[in-house]
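Chain IDs A, B, C and D follow the sequence of writing; residue 1 opens each chain.
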Amino acid sequence: MRAAVIGGGGYIGGELVRLLLQHPEIELTHVTSSKHSGRPLRSVHPNLRDQTDLVFVPDEEVTSADVVFLAVPHGAAIASMDRWASVAPRIVDLSADHRIVDDSLREQYYRGQAPDPGWLAKFVRGIPELHRDELRGASHISVAGCMANAGILALHPLAAAGLIDGPVQVDARTGSSGGGRTPDEGSHHPERSGALRMAKPHGHRHIAEIRQSTGAHVHMSVTAIEAVRGVQVVCRVTPSRRVSERELWSVFRAAYGNEPFVRLVRERSALHRLPEPKILSGTNYCDIGFALNADGDHLVVVAALDNLVKGGAGNAVHCFNIASGWDEAAGLRFAGLHPV
Amino acid sequence: MRAAVIGGGGYIGGELVRLLLQHPEIELTHVTSSKHSGRPLRSVHPNLRDQTDLVFVPDEEVTSADVVFLAVPHGAAIASMDRWASVAPRIVDLSADHRIVDDSLREQYYRGQAPDPGWLAKFVRGIPELHRDELRGASHISVAGCMANAGILALHPLAAAGLIDGPVQVDARTGSSGGGRTPDEGSHHPERSGALRMAKPHGHRHIAEIRQSTGAHVHMSVTAIEAVRGVQVVCRVTPSRRVSERELWSVFRAAYGNEPFVRLVRERSALHRLPEPKILSGTNYCDIGFALNADGDHLVVVAALDNLVKGGAGNAVHCFNIASGWDEAAGLRFAGLHPV
Amino acid sequence: MRAAVIGGGGYIGGELVRLLLQHPEIELTHVTSSKHSGRPLRSVHPNLRDQTDLVFVPDEEVTSADVVFLAVPHGAAIASMDRWASVAPRIVDLSADHRIVDDSLREQYYRGQAPDPGWLAKFVRGIPELHRDELRGASHISVAGCMANAGILALHPLAAAGLIDGPVQVDARTGSSGGGRTPDEGSHHPERSGALRMAKPHGHRHIAEIRQSTGAHVHMSVTAIEAVRGVQVVCRVTPSRRVSERELWSVFRAAYGNEPFVRLVRERSALHRLPEPKILSGTNYCDIGFALNADGDHLVVVAALDNLVKGGAGNAVHCFNIASGWDEAAGLRFAGLHPV
Amino acid sequence: MRAAVIGGGGYIGGELVRLLLQHPEIELTHVTSSKHSGRPLRSVHPNLRDQTDLVFVPDEEVTSADVVFLAVPHGAAIASMDRWASVAPRIVDLSADHRIVDDSLREQYYRGQAPDPGWLAKFVRGIPELHRDELRGASHISVAGCMANAGILALHPLAAAGLIDGPVQVDARTGSSGGGRTPDEGSHHPERSGALRMAKPHGHRHIAEIRQSTGAHVHMSVTAIEAVRGVQVVCRVTPSRRVSERELWSVFRAAYGNEPFVRLVRERSALHRLPEPKILSGTNYCDIGFALNADGDHLVVVAALDNLVKGGAGNAVHCFNIASGWDEAAGLRFAGLHPV
């Protein structure tokens, strides 16, 4: 299949290129960037040295493809759907534009950014662990947000089992690459380095996705931490009834035991007892673990992933593998590094 | 006054030395270390080059002082109180040994480490913002734990105002220096660097102190983050009644408006909107800020401090300044750095 | 082929396991560790979760293999050659034991650690770019040291072309994983974090390898820098005659133009103008670039690699691929990440 | 004395403010910033919370002062000398504008940026260790560049003693704050974090200052390293004759034995054997050490400092203390932190 990456100069776009170049079923034919048009990909993504001779082209040069991946800013997918639909029969949208199907949630968190309802109806939620059946054969896929994906995977089994009582407190921690490629005061190294900065104590847009997928009442704050890649969510749940660790393991194993990209973490060593993002860099894994307090009335669920892979480009490839009937793990077998 | 630092080879001990060397009222006469005995202080604390000619001595060489600061491992203060009481009329204990006065809390969190009740009764809690009157003239001071101190300062005004409903969720984040000077697998740089490691999801000992000082029902997890110094606590509170931001500011200003080492943070810039530890390295400040959600039913309070200073050596000096009737800020005027 | 990794609990051993598990021609049958015997690999190398069910076994359990990879401490390979020779017809030694064939160099840099001359004579130097022909069909391979490999690849083309006049100054910078898995004072995170520590200004053992392979007179200092993975060498060369940048490019292209794992870096962007290690984490690439000053009398050559991969486990696999007549890049296709 | 800081919104300007606010002889009356005019200082320099109520003012509001400190971009001091001369009888210029007195050096490294010769002649070099006598009573001081200062202090004693043969290779490493406060692609955290980036292999402007002050033939490359603050220079010298370590110590002790802000580092512990910048953050120290190889023909001298303090604001205050006849260390007594 001939694929095009739209918005390939950004970080998510760069990861798409890296993954698609090694994908056994895909031929990457175009990578667009208005800013970098004419330059070789490696000048922007130095990890692509010797991997490809492609140069960035403007959007207009993409006239035909089997699939386009939209790694564009929020709002830009809405504005260009007709254009891309005329280019390719399959669209994988990595922007936020087609994520929220609930109008009131969208109005609350994305005021004024409504997609065309017809297009919206065509898109399948890009979360394989929840929507695998719908993804099979899907032509339009909307990939989840990075922190949202971690939060949804951490909470969905509990929510589905009716085990959540009252609000869930989500403490999300994120590396700097989640802010994208454009420098600003907040991303300036002397300010951002060593940060432990709660930039968003309330109202982050990814709450909308977690609410939509789990039905949970979610309070979420987002803290910028010292990392380039990586998201970790710490979810604090009051169980709706007395549960044991054993029962919780059953719930999570039933949900994810056969999932290729969710790993349940259960180590006795304090070093690796609960998930952390650094060993996940470059991988498509979401690691999940939990700890119940001795009184059994407070449950901490921790999930971690690489925001650019499982929280973006890798998840898009995974979804598209399912849609196309391919091996789900095609192009996504990197195991991750340790130490790192 | 002639002061001795017992256990001066550790990180808290090193900070005590740094602060006492520049203190206008104190002459530092002895710094003990069994491991480093005979070596100059600068060989262990390289920041003390050219600051002092002192060499480490064994404990036995300290036979008389006006005050001894115990920067010793937990349990070691209990075991040596008679010895140090014979050396000096004033003891500032930076270990955990005399922090918990509630027997059931101690039994729950420090099983089997009970101090002598007679000695325990002599010690004043080393939290100036809560116990200033008792500290005046005090001869025995027990300095609070680092994360405990941050949590207590964040929550005490709300607890005292009856504004806390139900359990408080505390997310504590800590740098590596909090683990002390002895290398182990968890502190090995390739493992610890870039960590986001919830080593202690439940049951941390500092919970006991927060409960003791605030009466709040506290769930606290501790995450090791990429930093050498610094503690940040994020406290999630359900207000017991409808409150406004304005009222909350009043509560915090009433509590801390005149405090020399608590700063209330209220910036509009997302960069400095809530406290973070990096700009506090080396200072005795605890910065506190908060954010109430739009519905008014979820309050996030954030406090940050340097675990070795406001969370240890600096707080000890502050307490002793009060006890001695000196300028409270003597020796503690370093403002901190930016950028850093 | 059935392979065993001896000393699989260390960092180099862990990388060997990661690479061999995904190698199309190799079945990894045993991974040994005396310390971790009986534990699953993932408990020590958390990136191997879901990748393998292997558990560590003691050395004694390895009784037969087609190849053994020795990821053991220096000295331990010498001591156990007869044992491993009885187990497998092929040995890839990642320790330093069989690297130095020049007796006087070994005596100077590895006093008292002489291998058996008979065994030494069987070993081929594990540097594909210099010794590919000898590696073909080789049964015994001695893999180069991490900084040595970078220095050799940076300098060999210039030395072979007679372009080096007088001593070469090599400034080597290394991450913390190069020091191995055992914690000590120097690897303790509060001390090692943010370090810029010239632990070894003169006399590092890797000088012996660079001298052996290039004939250059080398001064090398080693600085520990803030990184877990990564080596960068900055080589300062006085050209033996007037050369142009163009001629230098010809020299390097002639040497490495067809090499699968050496990339010549020639970007105009200051951001990616010269090689740096961070984008090489996990890859088997050595990136090389240079800059000649305006007067043409001072040449700076920069090479970077991942010390655990191109400087260790990946290079071992590359060498073994050549020895076995396989695709040279088998198991080594990871392109690396950006940003990271 | 009433002081004004011109350009107080930058990093050097912020450090000047921090130091001058605690200076016993100085009253800071104005801090200017065109960008931040009207905002409180703490909104830009969060470490100044509770330290001052000053707000940024435009340059025009400064009409009279006893001294102005120019923390302005290169070129801006040249352009505004008449203005500032009418405001204050004393000017301390922290820009590069009045550093180079040798016309040919300036032409080579600062083409087209020539100051007025009359003004230039009034300025004294701001390097106390070399120009203390001229600084006494000086009204106009030009403060050295950060890497230049480290390089000059490392090499001057050797150059003065005739101990340098041929070119000196200087490997300069610098943190991100040296690039100033304006975000760009190179300072964007995902790109800058973990960097080991030789942005300037040849021709850096600070070479001009080192040549001017030492007469040495200097090759210098500059590598951006993972740090916010800190400069380290590694200078490789071929001694002009056989020297011993003992003689070298004599040379350095004669030069700096009585200097309040140069410390000679001579530890046996590999951890603190040679200077590194992290323990110098916030201090006005330059630490210097060296290592001679066994053959005695290759000398490595290492110097480290905080680029914003000893390499900028602190050095300016030191120079002004000398000029004013005050205690040289006034306002500069912070010892630095460990661990950090």
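Note that in this section a residue touches a chain if its C-beta (ideal position, glycine included) is under 8 Å from a C-beta of that chain, and two chains touch if they have at least 3 such contacts.
Predicted, not measured: the structure shown is a model, and the values here were computed from it.
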Chains touching both subunit A and subunit D, listed by label: B, C
Taking each chain's C-alpha mean as its centre, the one farthest from subunit C: B
Chain pair with the higher count of C-beta pairs in contact (B-D, B-C): B-D
Between subunit A and subunit B, centroid-to-centroid distance (C-alpha), Å: 39
Intercentroid distance (Cα basis), subunit D paired with subunit B, Å: 35
Centre distance in Å when subunit B and subunit C are each reduced to the mean of their C-alpha atoms: 45
Per-residue multi-chain contacts in subunit C, two or more chains: 11, 177, 185, 190, 194, 228, 339-340
Interface residues, subunit D side, partner subunit A - complex: 11, 175-177, 181-185, 187-190, 192-194, 226, 228
Subunit D - residues contacting subunit C, complex: 167, 169, 171, 173, 185-186, 190-191, 194-203, 219, 221, 223, 225-227, 230, 232, 234, 236, 270-271, 273-274, 276-278, 291-294, 298, 300, 302, 304, 339-340
Subunit C-touching residues of subunit A, taken from the complex the two chains share: 11, 14, 18, 21-22, 42-43, 45-51, 177, 228-229, 263, 265, 267-269, 272, 279, 281-283, 285, 287, 333-340
